[in-house]
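A, B, C, D and E are the chain letters, set down in written order, and residue numbers restart from 1 in every chain.
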Amino acid sequence: SARAETLKIAVAANFTNAARGLGAQFEADTGHNLLFSFGSTGKLFAQIKYGAPFDIFLSADMERATKTGNERLGLPETQMTYAVGRLALVTNGAKLQDGGEILIRPPEGKLALANPKLAPYGAAARDVLKWLGVFEQWMPFLVTGNSVAQAYQFVITGNASVGFVALSQLHDKPRNSYWLVPKNYHQPIRQDAILLNAGENSGAARNFMKFLGSSAARKIIARHGYDFDVIKQAN
Amino acid sequence: MPDLNIQLNGSIGNFDLSVDLQLPSSGVTAIFGPSGCGKTSLLRCVAGLEKISNARITLNGEIWQSSEKFVRPHKRSIGFVFQNSNLFAHLTVRENLGFGKKRCGNIQTGPSLDEITVLFGLEKLLERAVGRLSGGEKQRVALGRALLSNPEILLLDEPLSALDQASKNEIIPYLERMHRFIDIPILHVTHDITEVERFADRLVLMDGGRVVTYGPVIDMLTNSDLPFSQSQGAASILEGIIVDIDLDQGLSRISVDGGTFLVTGQPGNIGDAVRLRISAADISLGHEWDVSKISILNGLATRIIGAVEDDTQMQVTLALGKDGSGAKLLSRITRHSWERLGLAVDGEIFALIKSVALADPSGKSL
Amino acid sequence: MLEIVFLTLKLAFVSTVILLIFGTPLAYWLARSPVWWREIIGAIVTLPLVLPATVIGFYLLVFLAPNSPAGEVLGNLFGHPLPFHFEGLVLGSVIYSLPFVVQPIRIAFEAMGELPLEAAATLRSSPLNAFFTVALPLARSGLITGGVLGFAHTIGEFGVVLMIGGSIPGETRVLSIAIYEAVENLEWSKAHIMAGGMLGFSFAVILLMMLLNKTMDRSRNA
Amino acid sequence: MPDLNIQLNGSIGNFDLSVDLQLPSSGVTAIFGPSGCGKTSLLRCVAGLEKISNARITLNGEIWQSSEKFVRPHKRSIGFVFQNSNLFAHLTVRENLGFGKKRCGNIQTGPSLDEITVLFGLEKLLERAVGRLSGGEKQRVALGRALLSNPEILLLDEPLSALDQASKNEIIPYLERMHRFIDIPILHVTHDITEVERFADRLVLMDGGRVVTYGPVIDMLTNSDLPFSQSQGAASILEGIIVDIDLDQGLSRISVDGGTFLVTGQPGNIGDAVRLRISAADISLGHEWDVSKISILNGLATRIIGAVEDDTQMQVTLALGKDGSGAKLLSRITRHSWERLGLAVDGEIFALIKSVALADPSGKSL
Amino acid sequence: MLEIVFLTLKLAFVSTVILLIFGTPLAYWLARSPVWWREIIGAIVTLPLVLPATVIGFYLLVFLAPNSPAGEVLGNLFGHPLPFHFEGLVLGSVIYSLPFVVQPIRIAFEAMGELPLEAAATLRSSPLNAFFTVALPLARSGLITGGVLGFAHTIGEFGVVLMIGGSIPGETRVLSIAIYEAVENLEWSKAHIMAGGMLGFSFAVILLMMLLNKTMDRSRNA
């Protein structure tokens, strides 16, 4: 298809930077034009349900993408995991001696995390605390943000002493300034994409879905702090 | 045919108003009565600003209010001067004056803005914000604004109360001329009986929301049943015609029913109808009158047709002419004099009145 | 960037104008109507405030969805569904800012009282004419304050706008969303610049309006 | 020693005010002048509501304003009646009346709320919102509120302009009594010269922001340089003492400097000082006077000490007593009579005045 | 749930009271001060409006952080840092709702004019006394409207509150955050219930205040 198309893509906020990287590459490759709308996954889902003109939905989790398919808002057969998020622990300056050791110690200051109900990173962070057996101990010290972004802001502004954030937020930070939480501490944070009804007949949209699974795209995605170890390939 | 009909029966808040007036569609009707008797309420009903349920108001056959109909205020051709001026705070004096003028259609019969400006001495105030006017200045602007709106009826709620005598003396004759030329009815609320005497044709006397009585000023003032004739300020009003003017002496001769008066000044031209106001306290009674011995220029033969004893004074009603067929006069003398002079009803007596006492305070008209 | 600024200003101006056009008669009615359910309408106008902006946005989204009755009517009227279009943003902003515009104007109308309108009526000014030539000028302070509050709130509001607009570049992505996204995305210097510019510009506009109000003031001590 | 000092030199907006007054710390000072001449502005400066840069105001030695000092209005013990009433819209009549009373300390010397309520006829209005009062009712509440605040000086800005004569006749004597008992100075702006004549001790005549002249009312009214004596309403004020009361005839004899007057009514008790107001137009002149032939009870021998020709009238100044050493009287007669009677300055003549014309309109006091 | 409702009401009441306590003198000053920079303050008060709520929240977070100068002072004052505590929510709500409270009150004070205060002064009422006994009652409409707007806006606001509060159950998790969460989390029936309850309650409060205002109204036609 030679004709340049404009695609509207709804993207989970945590994937903002990676999406921009992907978009630049895709636009350069194909000449199509991408319009990203960033937002929380819940908001994006509601918008899609009530008629938002998006062609593709890059969810921050698996459920909302599945739900999109189930409710016939998108094409279930196109659902794919485009990235797996990695959780990281940061502090507001204090050195992280030995990984999650700071979590075992008696709590000091606030622990920031994303709202477990709204953001998969929040749910994962809670898993970690439970896995370490310190959830009860930290309970009174938890502050939750809307999103991982807010959790990170709590820490950066010095209001929380430690916080769970997405690795993607730290991709330009030195490796020793955070603790990358081992994958087995929490359920995998699978981020699924799905082609929406509006994009069904768009060659560019199908192209982009294909591109999302390409190794070129994966390289970019990886560079922004995401993994690929459990990829459910769409057929 | 009475052309202004006002029938009101109802209440405003918990103030009961009960009015039934038939007035001619020209001339000045003074509305007089104690504070809180309903004068303002009456005007507001006529203007349509207050809507009493049971009311009928017609002007020149046009129904303004009836059981079926209520003409809204802006559809009534009224000029209203509020008791508190009620100028538009966001407009200058000029814009306030022009507000009604602009909206009264193309009719060019009314006074011009320039005329009103000069008459009311507003030349220097035209561009002023109305918040910076003195009390009297506000009142003058409000009156000017109403006059400029070319009304079919003027409703004036104490329009001159904040004005000095000199301003009043400028404005009253103008209103008088105006209502004679344009020939519209004027309802004029005032507390000043001299304004009534000088300026009104009819008088409505109100109390407690009702009309006590109403009629021609002349009859009302001399009617011994009404408080006016009983008061120390009682006066009679005579209507006469100028029959002679002595410019040199500055005296005019005015013929009334049953006699002739010499008054100072020149109240008009020969043949003009004028009004004489004679305070009862200004009329002395005497058995003889010699104009060479005393500065009293008027000594009229009268017959005593009534006398009411009021405490230690006598309120004497006189009729001009030896036969007592002429106009009526009120005189007020002490009982002491009444007795000493041996006066009695039906007796003849000279009514002695100074010419100067007959001059109009404005010095312009009578 | 320029596009975003332009869109933002367009939204703010259009919304403010619409707010004043609809809010002023509403305020006038609220200030003067004798009907008993007047205060109920007054309370309803204020009510959108008590819901979080995104929630309002969500309900608007539901209400205006293409397959809803209202959405169908409005969609036909405008030729496209309102959500995710500029017109939808305007609608959302107007509903959410309405109380801030209506209430100050209402107070100004109430403070004015009946007397000026009575004077106007005795000078042959119809109620409509008096509304424009007497009531509006006398309520100027309220109108300007209402306009300023509506303008500022429309500029700053992003919850409703984000929900109903979807942050589509060039169509519904306004400055408040851009700043919000920049902050969320940790692009703080970008956020500072945008916030600073917005503050500076708005400050100038607001100050100008307020000074204008004062210089037009003839009625002090009236 | 003059106890109220008012020196003002400056402007309010672009209105220039230039005043220099020394007044005693008791008695009534009437402020008189055309609309917009600065009467209200003067009162506002005294109250401290207007702050003119170059001013000095002292009361009983206390400095209220000087180049170094400015006592704020609420620290000045004033009672101010605004020209527009200026009642508190959020309070009832009772609360308005009580507002000042509450704040004037524990001094119980002033009138009580009940007293004021009865005097001003406010019994039925006490619980009313002030927005629902008539114009005159507002004015009465405003005056009552000021009187209740127990002031050291009363500043009254046309406090009676919206009132009917009957209300005025109730209120003026009260103010008169009050200022005599409490002995505080009153500055009283009015346009009504009869109020001045009845009620004021001193008169300040203003025009264009300046004091034209000021002094005792009696001197001012008969001063032929001032407009009062020239006007048709000119009058003289005489001060006298009641020397005899004839209850039966209802006549009182009042002795003034150079003569005695018979007046109707009982203006007080024997020995009381009273004031006689005699309108110039009410005084006739005659070469002879026979009380048995005419109802004029007063014929006083006088000497003509001045005469001003005013158009076609003569303004004659008389002095009581054959030698012309007594109190002064103004008479206004036609030039015609002046010539016919062969009058000339220094001649002797009877001044003829009806007793009834000497009665006070209020019927209460002179 | 009850805890959340209670916290929300506490926040709304406390904020409204504080807004009225500080906003009223500020409005009085803005309405009457003769200084030239008065309008600048007026514009600054309005300015927080033009920033998205979360952005305001973010800047407040920076400003109040325990290691910032202001944060240190306030932290010592209250015994703990303000963010993530109830007091922080109050501060954020107050700043963000201030213009809605100040402006209606200011208009009411301006409409009142100088005359009633002059009358009060001639009756020995000091400026402070006149403020309480004359100015406040005469500006009642403005105060009630300001209070209602402040109350409603505090209840509905969640951007600032979320940012500075951290949604801690029992401490800073208010109803608006809960409704927002429910909507985002697709728990729509839960959202409907909460939103409905909030609307109903607020409607009652607002209507009550407005009816109260009218029944206290003596000054119509004054």
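By definition in this document, contacts are C-beta pairs under 8 Å (C-beta built on N, C-alpha and C of every residue); 3 or more make two chains touch, one makes a residue touch a chain.
Keep in mind the model is a prediction, meaning the values are calculated, not measured.
S.K.: Going by the touch criterion stated earlier, list every chain that contacts subunit D and also contacts subunit E.
M.R.: none
S.K.: Quickly list, by label, the chains bordering both subunit B and subunit E.
M.R.: Chains touching both subunit B and subunit E: C, D.
S.K.: Hop across touching chains from subunit A and tell me the fewest hops that reach subunit B.
M.R.: The distance in steps between these two chains is 2.
S.K.: Using only Cα atoms to place each chain's centre, name the chain farthest from subunit B.
M.R.: Of all the other chains, the one whose centre lies farthest from subunit B is A.
S.K.: When contacts are scored as defined above, which chain pair ends up with more C-beta pairs, B-C or A-C?
M.R.: B-C
S.K.: Express in whole angstrom the distance between the two chain centres, defined as the mean CA positions of subunit B and subunit C.
M.R.: 56
S.K.: Go ahead and note the Å separation of the Cα centroids belonging to subunit A and subunit E.
M.R.: Result: the chain centres lie 37 Å from each other.
S.K.: Can you work out the whole-Å distance between the CA centroids of subunit C and subunit E?
M.R.: 19
S.K.: Could you say which residues in subunit C touch two or more other chains, in rising order?
M.R.: 54, 58, 115, 183-184, 220-222
S.K.: Can you pull out the residues of subunit A that are in contact with at least two other chains?
M.R.: 43, 46, 150, 153
S.K.: If you look at subunit B, which of its residues touch at least two other chains?
M.R.: 84, 132
S.K.: Under the stated touch criterion, can you name all the chain pairs that qualify?
M.R.: Listed in label order, the chain pairs in contact are A-C, A-E, B-C, B-D, C-E, D-E.
S.K.: In their complex, what parts of subunit C are in touch with subunit E?
M.R.: Interface residues on subunit C, with respect to subunit E: 39-40, 42-44, 46-55, 58-59, 99-100, 103-104, 106-108, 110-115, 141-142, 145, 148-149, 152-153, 155-159, 176-177, 179-180, 183-184, 191, 195, 198-199, 202-203, 206-207, 210-211, 214, 220-222.
S.K.: Using the touch definition from the top, list the residues of subunit B that touch subunit C in their complex.
M.R.: Spelled out, the residues of subunit B in touch with subunit C are 47-49, 72-74, 77-80, 82, 84, 86-92, 99-100, 103-104, 129-132, 145-146, 149.
S.K.: Using the touch definition up top, name the residues of subunit C that touch subunit B in the complex.
M.R.: Going through subunit C, the ones touching subunit B are 115-116, 118-127, 129-130, 133-134, 137-138, 140, 218-222.
S.K.: Which subunit E residues qualify as touching subunit A in the complex?
M.R.: 54, 58, 61-62, 64-68, 81, 83-84, 162-163, 166-168, 181, 183-186
S.K.: Which of the residues in subunit A end up touching subunit C in this complex?
M.R.: Residues in contact with subunit C: 8, 10, 13, 16-17, 35-39, 43, 46-47, 50-54, 147, 149-150, 152-153, 156, 169.
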